[in-house]
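Listed after this line are the structures, all set down as structure tokens.
After this come two complexes, each holding chain A, first together with chain B and then together with chain C.
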Partner chain A sequence: MLQPNKHRHWPWIMAFVGAYALLSLVIDNDYYQRVMTIVLVWAVMGLSWNLLSGYSGLVSFGHAAFFGLGGYFVVLSQIAWQWSPWLSIPVAALIGAAAGLAIGSITFRLRGHYFALAMLAYPLALLYVFEWLGYQEVTIPRVTDAPAAYMQFHDQMRVYVFIGLGILVLTMMLSRFIEEHRFGKSLLAIKQDETAAEASGINTRAWKLRAITLSGAIAGGIGGFYAVVQLVVTPPSAFGMLVSAQALTVAMFGGVGTVWGPVIGAVTLVPLSAWLDARFAQDLPGIQGVLYGVAIVGVVLLAPEGIFWRIKDHFKRRGIDPTPGGQGSTQLDAAQRLSTQQTYDDPIIMRVRDLSKAYGGLRAVDAVSFDVNRGEILGLIGPNGAGKTTLFNLLNGLTKPDEGSIVFNGTEIVGAEPNKICAQGLGRTFQVVKPFRRMSILENVIIGAYVRARDDAEARTMAELALDLVGLADDAQRIAGTISNEQLRLVELARALAGRPSLLLLDEIFAGLSHSEVDALMERVKRLSTLGITIVIIEHTMQAMVKLVDRFIVLDHGSVLTQGTPSEVTKNPEVISAYLGKKWAENA
Partner chain B sequence: MTSRKLAHMALLIASATLISVTAHSQTGDSVKMGLIVPLSGPWARQGQVMRVGAEMAIEHINETGGIHSLGGRPLELLVFDAGDSVERASNAAQRMVAEHPDLIGVTGSYLSSFTLAVSEVTERAELPMLTLSYSDLITGRGFNYIFQTSATGVKQAQDALPILMGLAESASGIRPKRIGFVMDSTAASVAFVKPMLEGNTLADNGLSLVVNETFTPPLSNAAPLVQRVRASQPELFLLLPTAVSDAKLLLEKLNEFGLGKGALPTISNGSAMGDPDLKANVNAEFLEGVMSIVANWGVRGEEALSQEYKQRSGEPWLTQNPICAYGHVWIIKTALEMAGTADKHAVAEAIRTMDISDGPARYFPGNRIRFDEHGRRIDAELLVVQWQDGEPKTVYPEYAAIADPIWPSR
Partner chain C sequence: MDTAQHIENFLQFLTTGLLTGTIYGLMCVGLTTIFGIMRVINFAQGEFMMIGMYAAYYCFGLIGAHIYFGDYIAPFIAALAAAPIVYLLGISIHKLLVSRVTGVESNRLDSEGHYAQLILTLGISLILSNGGLVVFGSTPVSISTPLAWTAWPIGPLSGERILVFVNQKEAIAAVIAVAVVIAFSAFMSRTRIGRSLRAAADNSIAAIYMGIDVNKAHRIAFGLGVALTALGGGLLASGTAFQPFVGIEYVIVMYAGVVLGGLGSLWGAFFGGLTIGLIRAMSALFLPYQLENTAIFVCFLAILLLRPDGLFGKSSRQV
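Moving on to the complex of A and B:
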């Protein structure tokens, strides 16, 4: 989706619209015009769903809520105040946006399946509310003296095809704009790993709210247009499960996370369903539903990610190797440019005092106090379950401590959101790397740069510098799903670096790497330190650690056991018994 | 990719045209009318029985010489599936008028929301449509080509109380004085009861309200409601559940409390309360004595028709929907005879000016067919059916009744 050559979509969109309009002009049958209109309605509805769920991965079963509110508003505003749909459809979009914002601010407290199920509740609740209000059936009053002023073109259904095309183009343009910019990439980062996104400095809640607001606006608007075409609105036709399901089906069928997916889905499925109805309903009523289901299941089996991705993969495999040549600038140069950081006088970058976190009776982190000196590499070691990763989560705000204080660069950061802490210059990597597999390496890293970058161009420059620094510049365009474990770790490191942190928390970045790979990665970490980036690292590979770090902190049962230089710590009998073991003492 | 998709779609459309053209090129000189009802989805069964009713009428008409004023041209029925949604119903209607400009009339579409959507299309095509749907909105839009043969929802609500008082008096000789309501919160139930509770309607009929309970479906426990009913001792009890599961719970409890089998005159509204489907879900014993107010049913004098219908459809009795479909085809036949031409405008005009008390009029309660300027049948009356021996039988009014009402005489 996020091709380097980003403008090549426009000719395709224009060609599609032109061909569609031409087909509409050639056909002289109001039934086909109606089907063509409905194709556009569901394409736009699919795009609305895709804007939230396709990009961010937060599956919504509740888009009928926005659709239905828009539809009812258009009908009721004409009945009550004689509003023309030309006016009420844009207002319906605003209502959809408001509903999106309201629903989002409540529901984004939940994640994953819980979010999906909670979204299901809104249209169901609205369905009953509108039944209770007595709006079982409402119809748009027929206007005979000035039908065009009220968007009533039922004698020339073709006009609806053109209005629908207009809405579709606007929606596709909006979707493309989002795909190409920070908005879409932030949503993709959330889809990839919401925690990692937050830790990379993305304000996940704000982006999700923007997405559901825009998505609600599109659904509200198209729901209003649908009401105009259908003339009759009922609670099931507006808020029914089928509405949400149809939006989801066209997007899943055509391809999720791309502007073309819902369009392909609607262009294929809606006429297929109509044709099956026309062909079989009279003689074998009900069989059309079975065949429709079989067709969908068949495509899902053949192209699990949707038709678009299947076709794209097909051509990509046949096409040229996407690895670009290009000459990376020298790493030293990149390093110098990346290390232009604010200077502080305080030699201690972080002061941690009496930090505690308990889970029930388990004191995972217990009154931990230590300082991190500016420019050092600090190793955090201890047996499994000692509280190392919990401590990292407390430091970057993913977990709120029960008590204690963390002063980072002179600012208290306890209670701040992870993205705000990241923005203050604290980057981190995770034990488990989860890149968005369809994104290129460069795009993965750009996400980390947004926290500092003022615009997309600057983010790209910063990401390229970070890739240079970890030695991945030549692979920038490769798709993350195709690279080795070692490279994935470098991508993760680069993503953290792209935000230009002054303090970097590295969580077991050597895990699962071979000896030679560990040595190579260690050299890179050392070089980061020479650039003035302070590093705190969790690692079990002691041989590597003693060569790498300036100082150790040893954790055991949530408390600091001891701290000191590698030679001091490795000779400490307490450390040997708690963590290193007798074998270490014998070998040392 | 894009062009390929377009080609694909063009192919679909082309093949659809081809198939539907070949499917319908039958006898060239027949006069064509349409039946547009749900034949798939949750309402398919109702559509199927309406199709049986309409096909029976077509056969009867053609067996007796077709349309006489058109030299005996046969009447042909084209069937369209309104499906399971308003969108499908609209699509089917648009396809019907686009591909069959020679249709002279149509009947349908069971669910009032489908009828609304379909008639938006038929009105613009100036194609006369007959419907059994109740909603007042259908004939409240100022349309000229829609005709409603059932009493509308509002009229049913207004007429219900006088009918029930009449029924009680004719059955037991006593006018009830205490009335009770238990209903769900759906708008259909609320709308039916509203006119009875407004103003002094109850007092004017000499009734006092002793219990009035509204529940939100689905019901989990009917006992508290039924207990309140028993404690307040109404002499006339309106029970208005919409979901079969709620009806089942309530009826079981009523029987458990000794209020079943006609001990407490229990009246519902709508054909669903007399549908064979209900018997499959609720013990017939519990249904015994329960009444429902309906727009049409199998009545006295239709025994032969009822017998033929049962044989053809395999259904146990003749209900509102197939008898309406049967009658609608006959109304179109009569209009064609009056018009003397197979033209939809002339047929519509004939229906508008029709005033008959014989022929198809006997298939509709009130036994007279004439429509007002909205397209509502002026003389539309209601029937009361009552479950007796495992079958809902028409018990009121007397001219239509095939059984005497079971009513407690005190």
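Moving on to the complex of A and C:
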């Protein structure tokens, strides 16, 4: 099944919690209990980091911002309003969530390195603000009459281990839930190719915001708990670089993208660092930081995916369980079910008017106007640099036009996000294939189905239908990174089909294929057309296309040179001189 | 305060900002050299600067006592001496660690390879800063030169009411910084090594076919980049107290300047750094001094969000 480990994780989590609790009951030493608590704090912090960065691939260097806000809130709210941590820790989680939402909505405009660097600035800016406010060292007031009501168990450190375990289990459950559902799959798709995810109908911004909000909530809550255990917060212990780095390190060291990674990382590194600290801190004050640095460097160079995946790979080849799905559908079924689409009366599915896009002085697309008739196969041809791919990017919303209008199924779509345009029934493939390489073929196609599916089971069914239709049903479980170019093009086609588009944009899907492969693919495209899907297809060679398309639009230097049936276009003298050249004229 | 005093304050902060900004500019040139040629975000740049500061500090201790006018000249000689020391450290770290996830090696990594570089340099940064704590201790130190508290007065201007002081140490340091940046710019455009470094930057595959050892070019670029920043650190080290964790503050200062100038552009980085120095000094006009760094960080975020392509540079968003 799609989530092979769904049921196998729970016994492990329960066993871990049981063993940990038992160990805590056996040990009779406050210092060890404290270390065991701190391990749990960093495991949860690592899970928080993993939830955003591990799944979505957006590396955060700034998780200390959430952690520190949570810590300071718990301490200050007790001082100012006598709030008990039992109340203020959940509120700290809400504050972390709000901070995550706020930071995310500003910072998600950036990608890659810029995102990581920007995230670094938030906790450091907060650090100086809290120093300036005079909160150099704030201590939780001791409550002697009712310590339990204020979560003060410093003479029974064991209680903190149990509270920490409770928070850890909650966080692991949340992480597992996300991993198993559309949420996690969407984040994984974003991690592997954000553009392709967006064009497949994934609302990338919304998912990223949800991820950073949840991640911030977890970090804020555990930051509050950490303050209670430590009894004191200082700007460096709350917002310092080492806080963000430790969250990242335990997750990366243990394994990114799994609930077990941060737990393994914390269980290994935190006791080691506590031991080093106790043993050498007198002579070597920075030894803990050095340890985390060495752990990061080592894991990047030796096991970039982390210990968990290393061990798992060692015992079993990674990949998903090849149990076939429950749908024994034939290709005919698939065809029928995919073709059940909303019906429109308008014979013109898309109207493009005066569409323009310039890059500097280059007018890549220049006042282009054309109609796409419902049900036709339209060939968009032109030499390299004629603006074909730019035009596709404008049509599916990846690029915003400078001016012009695109009306698709009666709705103006200029300015809409690609995922919204995809949801309205416009699918596309890419000239340079953009598969999600770490996922199986089936998972790739499921991503494309989410835009229409109500739940994961339906998405799976729709994906299987689409795979049937392109003839990849037997290869569904193979990993996309390992298959041939021809198959990758089929995967992209199936991914676009899974969203049940009424209009499909195909960008040079024949590029790099052999003659026989081109012929086979052409048959498939024709079949899609008979199902009622309108197709616009880009090619720079006209020869192959003459047999396939109903109509041609010829682009040159960003504008429409001419349009018409294949026979009209190939006889057009302008086309012959500007594009096809003399050789074509002689052969034709 | 009357108007003349306001103007005096303004001119004084402007002068200070320009002088320290020049040194920031030099440090930014170092950072942008690494990015421009290797396409690597070096997160540990601040720590190389810190090591430059300590290298200058110890060189000063070594030579200051032995030469005539030692206290006056030695701080600058020490700063210049820090550069080759950090160059050697830089090329060693590149050879041992960085080269394994960058350059030719990065071609076989997938998109996550870029994160590997970023995270690796984060690890190096942790090791160097915390290792610095082990080696150098946590007590702040500084190179003490009488020049740091000597100033040339300018004025009195406007009817004897406005007097601006130019700190002598900062002025000499700024002159050295500008001279080094000009020399480095000439080195990059005029010499054979400089040209092959730029070729490796423009198209590393083509450079390989042209017989340029891209790995070696990257190693030199990394060494030069950290050495320039270390020289800037060495120049800052006199008159400013520093400790092993000083790097993290400056890594933001440097990235703010470099992004402002357009990632990868040499003179863009210099003027970007200069601008950040000015902003930092000017923030003192209306913010408490503890928030100087916060002002820089907020400014950095604003630059990233509003002008990710830099004020002067071309598009560099696709990193």
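Annotations
In this text, the second predicted complex is superposed on the first by the 541 of 588 C-alpha atoms of A that agree within 3 Å, B and C clash if a C-alpha of one lies under 4 Å from a C-alpha of the other, contacts with A are read in each partner's own complex, and residues count from 1 in each chain.
Here is the rule we go by: a contact is a pair of C-beta atoms (placed from the backbone, for glycine too) under 8 Å apart; a residue touches a chain by one contact, two chains touch by 3 or more.
Keep in mind the model is a prediction, meaning the values are calculated, not measured.
Of the two partner chains placed by the overlay, only chain C lies in contact with A:Leu301; chain B stays clear of it. Looking at the shared chain after the overlay, A:Ala121 reaches chain C, while chain B stays out of its contact range. Contact with chain B, but none with chain C, is seen for A:Val232 once the two complexes are overlaid on the shared chain. After overlaying the two complexes on the shared chain, residue contacts for A:Gly289 are found with chain B and with chain C alike.
With both structures placed on the common chain, the touch criterion links A:Ile89 to neither chain B nor chain C. Contacts of A:Glu131 after superposition: both chain B and chain C are touched.
The intersection of chain A residues touching chain B with those touching chain C, taken from the two complexes, comprises 131-132, 242, 285-286, 288-289. The part of chain C that touches chain A in the complex is made up of residues 41, 43, 97, 100-101, 110-112, 114-116, 118-120, 122-134, 137-138, 244, 248-249, 251-252, 255, 259, 288, 290-294, 297-298, 300-301, 304-305, 308, 317, 319. On chain A, the positions that touch chain C within their shared complex are 57, 59, 61, 106-107, 109-114, 116-118, 120-122, 124-125, 128-129, 131-132, 192, 241-242, 245, 248, 252, 284-290, 292-297, 300-301, 304, 437. Every residue of chain A that touches chain B in the complex is listed here, in rising order: 12, 15-16, 19-20, 23, 27, 29-32, 34-35, 38, 131-132, 134, 136-139, 141-142, 154-155, 157, 230-234, 236-237, 240, 242, 264, 267-268, 271-272, 274-275, 277-279, 281-282, 285-286, 288-289, 311. Only residues 1-3, 5-6, 8-10, 12-13, 15-17, 19-20, 23, 39-41, 44, 47-48, 79-81, 83, 85-88, 90-92, 94-95, 97-99, 112-113, 116-117, 120-121, 123-124, 135, 137, 141-143, 185-188, 190-191 of chain B touch chain A when the two sit together in their complex.
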